[in-house]
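Here chain A shows up in two complexes: once beside chain B, once beside chain C.
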Partner chain A sequence: MVSTLELPTPRMEEWRWADMQALRSAAEAEPRVTGLDPADLFLDLDGPRLCFIDGAFEPAHSRPGAVQVTRQIVSSTHPLASLAEGEGWSLHIEPEHAVTAIQIVHLGSGGESHVPARIVLAEDAVASLVETYAGVGWANRLTSISLARGARLMRSVRLLQDEGFVSVRDEAEVGEAASLVSIFLGAGGMGSRIDGALTLTGKGAFAEMGGALLTRGSQRQECAVAVRHEETDGSSRQIWRAVAADKSVASLAARVEVARGAQKTDGEQSLRGLLLDRTATVNLKPELEIFADDVKCAHGATVGELDKNALFYLESRGIDKARATAMLTRSFVADALSRIGEDAVREAFEADADKWLGGTL
Partner chain B sequence: MTTETDTKARNAEALAAANKKYEWGFSSDIEQEFAPKGLSEDTVRFISAKKNEPEWMLEYRLKAFRTWQTMELPEWAKLAIPEIDYQDAYYYAEPKQKKALGSLDEVDPEILRVYEKLGIPIEEQKMLAGVEGARKVAVDAVFDSVSVATTFRAELEAAGVIFRSISEAIREYPDLVRKWLGKVVPVRDNFFSALNAAVFSDGTFVYVPEGVRCPMELSTYFRINAENTGQFERTLIVADKGSYVSYLEGCTAPMRDENQLHAAVVELVALDDAEIKYSTVQNWYPGDENGKGGIFNFVTKRALCEGKNSKVSWTQVETGSAITWKYPSCVLKGDGSVGEFYSVAVTNGHQQADTGTKMLHIGKNTRSTIVSKGISAGKSNNTYRGRVLVNAGAENVRNFTQCDSLLLGDQCGAHTVPYIEVKNPSAQIEHEATTSKISEDQMFYAMQRGLDSEAAVALIVNGFAREVLKQLPMEFAVEAQKLLGISLEGSVG
Partner chain C sequence: MCPGQEFGTQVMLKIDNLRAEVDGKEILRGLSLAVNAGEIHAIMGPNGAGKSTLGYVLGGRPGYAPTGGSVRFDGVDLLELEPHERAAAGLFLGFQYPVEIPGVSNVQFLREALNAQRRGRGEAALSGGEFLKLARAQADALGMDQEMLKRPVNVGFSGGEKKRNEMVQMGIIGPKLAILDETDSGLDIDALKAVGDGINRIMRAPDKAVILITHYQRLLDYVQPDFVHVLEAGRITRTGGPELALQLEREGYGVAA
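And now, the complex of A and B:
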């Protein structure tokens, strides 16, 4: 199937750090038993639950509530997202209504799976969502998001597949005074590509996409996010952290676009990479494309190892080196995860990150 | 009347001198000074024959031409490049096809006003504008500077410095040229470097021997064929162990030029403990107010810091050209080598600039500094594009990058595209960027001190670009400051 696909190549500027070979091998992998129980992948939260196994809806572990399972027609032109056609889910929330703690679990056992999703929040509607990816194979997802005036969506996504590949594409329109926050944690053994195109279409809109990518072995994870400001007074944040160990590669590409006339835009980018080994690689690309003159767009990008002074300080207090390293790395990652609003979700994500650190350091 | 007689006499003199020059250079084909239109192997052979080049040079050019034919124009830059018909151009021509002007009165008054603002002497203005009567003055001026250059040449030769046009160098120092030509920018490097390698017309060759500190700033300006170097300039500078050289390229005055496509290649090599400082001021014709015409400037500039503790510093002030595509880079191969890039890029009208640098850290303890100031006005687009790469074996690398953008007006664009690729944890890489505009407070403050709006903008912009301008050699810095103000005229208020 996949072999007939035209996958993007590194010669394409937006894909120069992408690991399409890993995607191809994941898609071609024979299905196998993962031994994972979907029930263990849900957090202990009240709220709607959906489980997709190899891209197919699994009613036994689901209680969809307000979420509908439907087929979707995909209009994306993105090379991977355009493949995400078929059965998926959609969430429509009426004005001034709220649905929180929705959980979606994607469990793969090999091969490729495609699930489209659509989230539409009417005026002043509120929703929060947690997505978990586990298992193996290639999981390919497209999430289309549309937020009306004053709507608020908090989305937390964790990529915990043992191996394989996860490609996620978000396409969002954020209306006047609406707020979208999507935080990602890549702490599994898979390769990944987190792709985002967020457009601020209303005045005073807020959009944030960020997170932490933790890589080890020969794994490659990356994000490629573009936030586009089309109206005035919008603000956006892209806070990403990458930690790379062994021979792995973590790449962060983030772009802020300010359209002509989108004055008073406040765009913030912070991309930071931490290298744990001589053989690891971090790539950063903090990009600005600005067509308006009265804007505040600053970005900062740094790469390096842990601060030697901080390590020495902790060691001088009797904390051994391994633990000191873990503490400092944890706080490095916490910058990105602290953006998650719900305590229970944030703690779960931090625990996943800790587990990764425990296994790496 | 006397001036007219004078003029005639000097014209005749100049003509005689010019013919004499050809006698020395080429024994045949004096009449045919341009290759037939279009680009083919024959054109390449013609150029090579014209320059009496050795066999290896012709082979090099032909190989480059064949490579070029297999390559495609890169598309990643944020530039709208119109279709270029490479067959609809002359690849070798003495630049005589310029329309001769009778007097300065025929020159675009806009250009004259700029000359005046820059404080260029009237005779030099005539030369730059290509006024016919002034040709002889130009030739005189050139001959003046030849005598100057000859004096310099003696002084340089006493120091052991080789300063030649690249064609001369290919004939006189074939081994030296052959050793380094294409080593820093290989033919296959990119579309335009391959094109340049095939058809380069002329350029400069500099060799500074071991331990020599070049006794003066070298500049193309003094060279006899400075104005003939044409579209496809090729520059090669080699600084041997422990030497130092400072090289100035370009001219602040706007040049009239019929060649729309410019694809130069500049290669620098610094051996152990050597230092090269390369400064550019570029102010080619940017096109008219509707974006018609203007030069396409597609340049490949790269320095190889081959030796330990070597240093290369690029400084550029880019104000001209309709399209600029230029990334002066440093390959920091020697341990402890240092790369620097200081740039001011101004775009106004419909200009487009995609410029920046690459710092490739290969050696241990290598350091690089990037300071880029982009100023956009009118309907122009200005992009900083940079790449900082740290290889796995490069221990203790330091890089600091700062790119600031200044937007004048709400119809222009300022973009920043930095790539940071790090494979060694001991590296410390920092990147900062800001985008701002000239605030009303700043303008009000300057204007209530009696400055008009244009002077106020010029003052503020010069302050914005100060970090870069102070890197320029003195005589350049003063002119560059004036130039910034002129380039931005009419963009505010």
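And now, the complex of A and C:
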């Protein structure tokens, strides 16, 4: 169908590393049986559960609780997110209420699926959310997030599709003293585009978007995140790690924008790539755009190979080379995943990363 | 005759005419040494003589390529083994500059190391509880804060703490042969004593042996060597008892014995 005709091209600067060919192939793939049981994709947490199969809500594997299944009109102008119209889910939490351990599972069997989501937290409301992508095909998602004063959202997203493509776009407004933390793990065989536009609209807001992309074979994954500070005393973090093996490509583009008048902004940006093979590629594009004068923005961007000294140190203590490589690679991504607040969720993500390492090294 | 060979019958390590290159440059030029179980050997020598290279070649570090001669460890051709297999065979290399590994805790690293070695020897792995007990006892014995066991390997440790940590590792792993490369460098007097005591406690046994690679005599005040060798230009040029170390300290390496 569609949509793939109007895809962005590499000539557009913000899409220069995007693998739209993989997206197109995924969208055109014939549906097939994945053999995956949605029940296995949920973590063992008490909380609302929603399952979308090929973009359609699947009540048999869901217990939505506070989450509503709704049709949504999308106003995003983003080239992929603007396609994410139709049936989706929304979460509205009243002031000072909390809903935690919400899980959303997206299972694809081929072709394209589009799901919009909306998260609105009123003053001092709290929510935590885990999203899992599995199967095949092109999964395209838009998540609109609005956090009122003092609201807190912790979101953990893992991309575990065997193949195909996952594109996720977050558009968030973070109000006064509110906190948004979104951590992503790309540890499947699919291509990906993790795209974010976070705006700190209130004084003292906090926004974080980061994670780890693990690529191998001829896979390409990327993130493209922009955090915009519009008010004073805000802080933001973008901690991204990319690990690339074989002939794969992992790309990290992250931008911090500080508007005129957004004084006392504290931004931290750390982009690091690790090449497991000389044939792999990591692209990094850190950007700072600062129009205020009383601002602290720490930033760093590096690409390298595993430290040979460290590798030999581990081997000399009896750990074989494959295991030593896995331990050091795991330690490389650890600080990106350590941001996940809930132990059970973090451990599940770490286990996914370990599984990837086990299959790669 | 190789030094050390005249004592006992059990040769643990026998290095014969060893040659090795680093970056295409020959560093070890026909080095021979025999170490029996129960012995402590000190290897001293000027900078650039090949002391650290000897440790790395024995440990199997990539880039330190043996080009001739042989090394037998408990009758096995050591140079044929991968670094981790050398460790499982009972070889421990103490690093001059222990490496920092963020994101991996000391406990996790050491348990993994010990159990990998035990598996390599066909022994059962230690449980978490058994391992912690062992690790705490060794940390206590070396005067290392228990909290440091939980911290990432060597991250933020002072020079002295890193060397103590090497000794804690040695105590936990319990090797047959320890090659300690400049373990005394960067230590204050208290740490030097703690490390010296650690070496004596862990390694002074009839079935164990130590090669202490050192530039200075001062560690030898705490760990009495049975033999002192001078390594110059890639081979051992002199061998004596503890008095040789004192003489070198007094007179420098340039003076003939």
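Rule of thumb we're sticking to: the second predicted complex is superposed on the first by the 358 of 361 C-alpha atoms of A that agree within 3 Å, B and C clash if a C-alpha of one lies under 4 Å from a C-alpha of the other, contacts with A are read in each partner's own complex, and residues count from 1 in each chain.
What we mean here is this: a contact is a pair of C-beta atoms (placed from the backbone, for glycine too) under 8 Å apart; a residue touches a chain by one contact, two chains touch by 3 or more.
No experiment lies behind these values; they were computed from the predicted model shown.
> Please determine, from the superposition on chain A, whether chain B and chain C clash or fit.
fit
> To the nearest 10 degrees, what angle do the lines from the C-alpha centre of chain A to those of chain B and chain C enclose?
80
> See if chain A has more residues touched by chain B or by chain C, and give me that chain.
When the residues of chain A touched by each partner are counted, B comes out ahead.
> Just to be sure I read the superposition right, which of the two partners does A:157 touch: chain B = first, chain C = second, or both, or neither?
neither
> Look at A:181 in the shared chain and tell me whether it touches chain B only, chain C only, both, or neither; answer first, second, both or neither.
neither
> State whether A:136 touches chain B only (first), chain C only (second), both chains, or neither.
In the superposition, A:136 contacts neither chain B nor chain C.
> Could you tell me if A:300 is touching chain B, chain C, both of them or neither one (first, second, both, neither)?
A:300 contacts chain B only, not chain C.
> Could you state the shortest Cα distance, in Å, between chain B and chain C after the structures are superposed?
Checking C-alpha atoms only, chain B sits 14 Å from chain C at its nearest point.
> Indicate the residue numbers of chain A shared between its chain B interface and its chain C interface, in ascending order.
On chain A, no residue contacts both chain B in one structure and chain C in the other.
> Please give the residue numbers of chain A that touch chain C in the complex, ascending.
307-310, 312-321, 323-324, 327-328, 330-332, 334-335
> Under the definition above, what is the set of chain A residues touching chain B in their complex?
13, 260-261, 263, 273, 275-305
> Quick one: in the complex, what on chain C touches chain A?
Per the touch definition, chain C meets chain A at residues 59-62, 82-84, 86-88, 92-93, 95, 97-104, 109-110, 112-114, 116-117, 120, 152, 169, 173.
> If we count contacts the way the header does, which residues on chain B are in touch with chain A in the complex?
76, 78, 390, 392, 405, 407-435, 437
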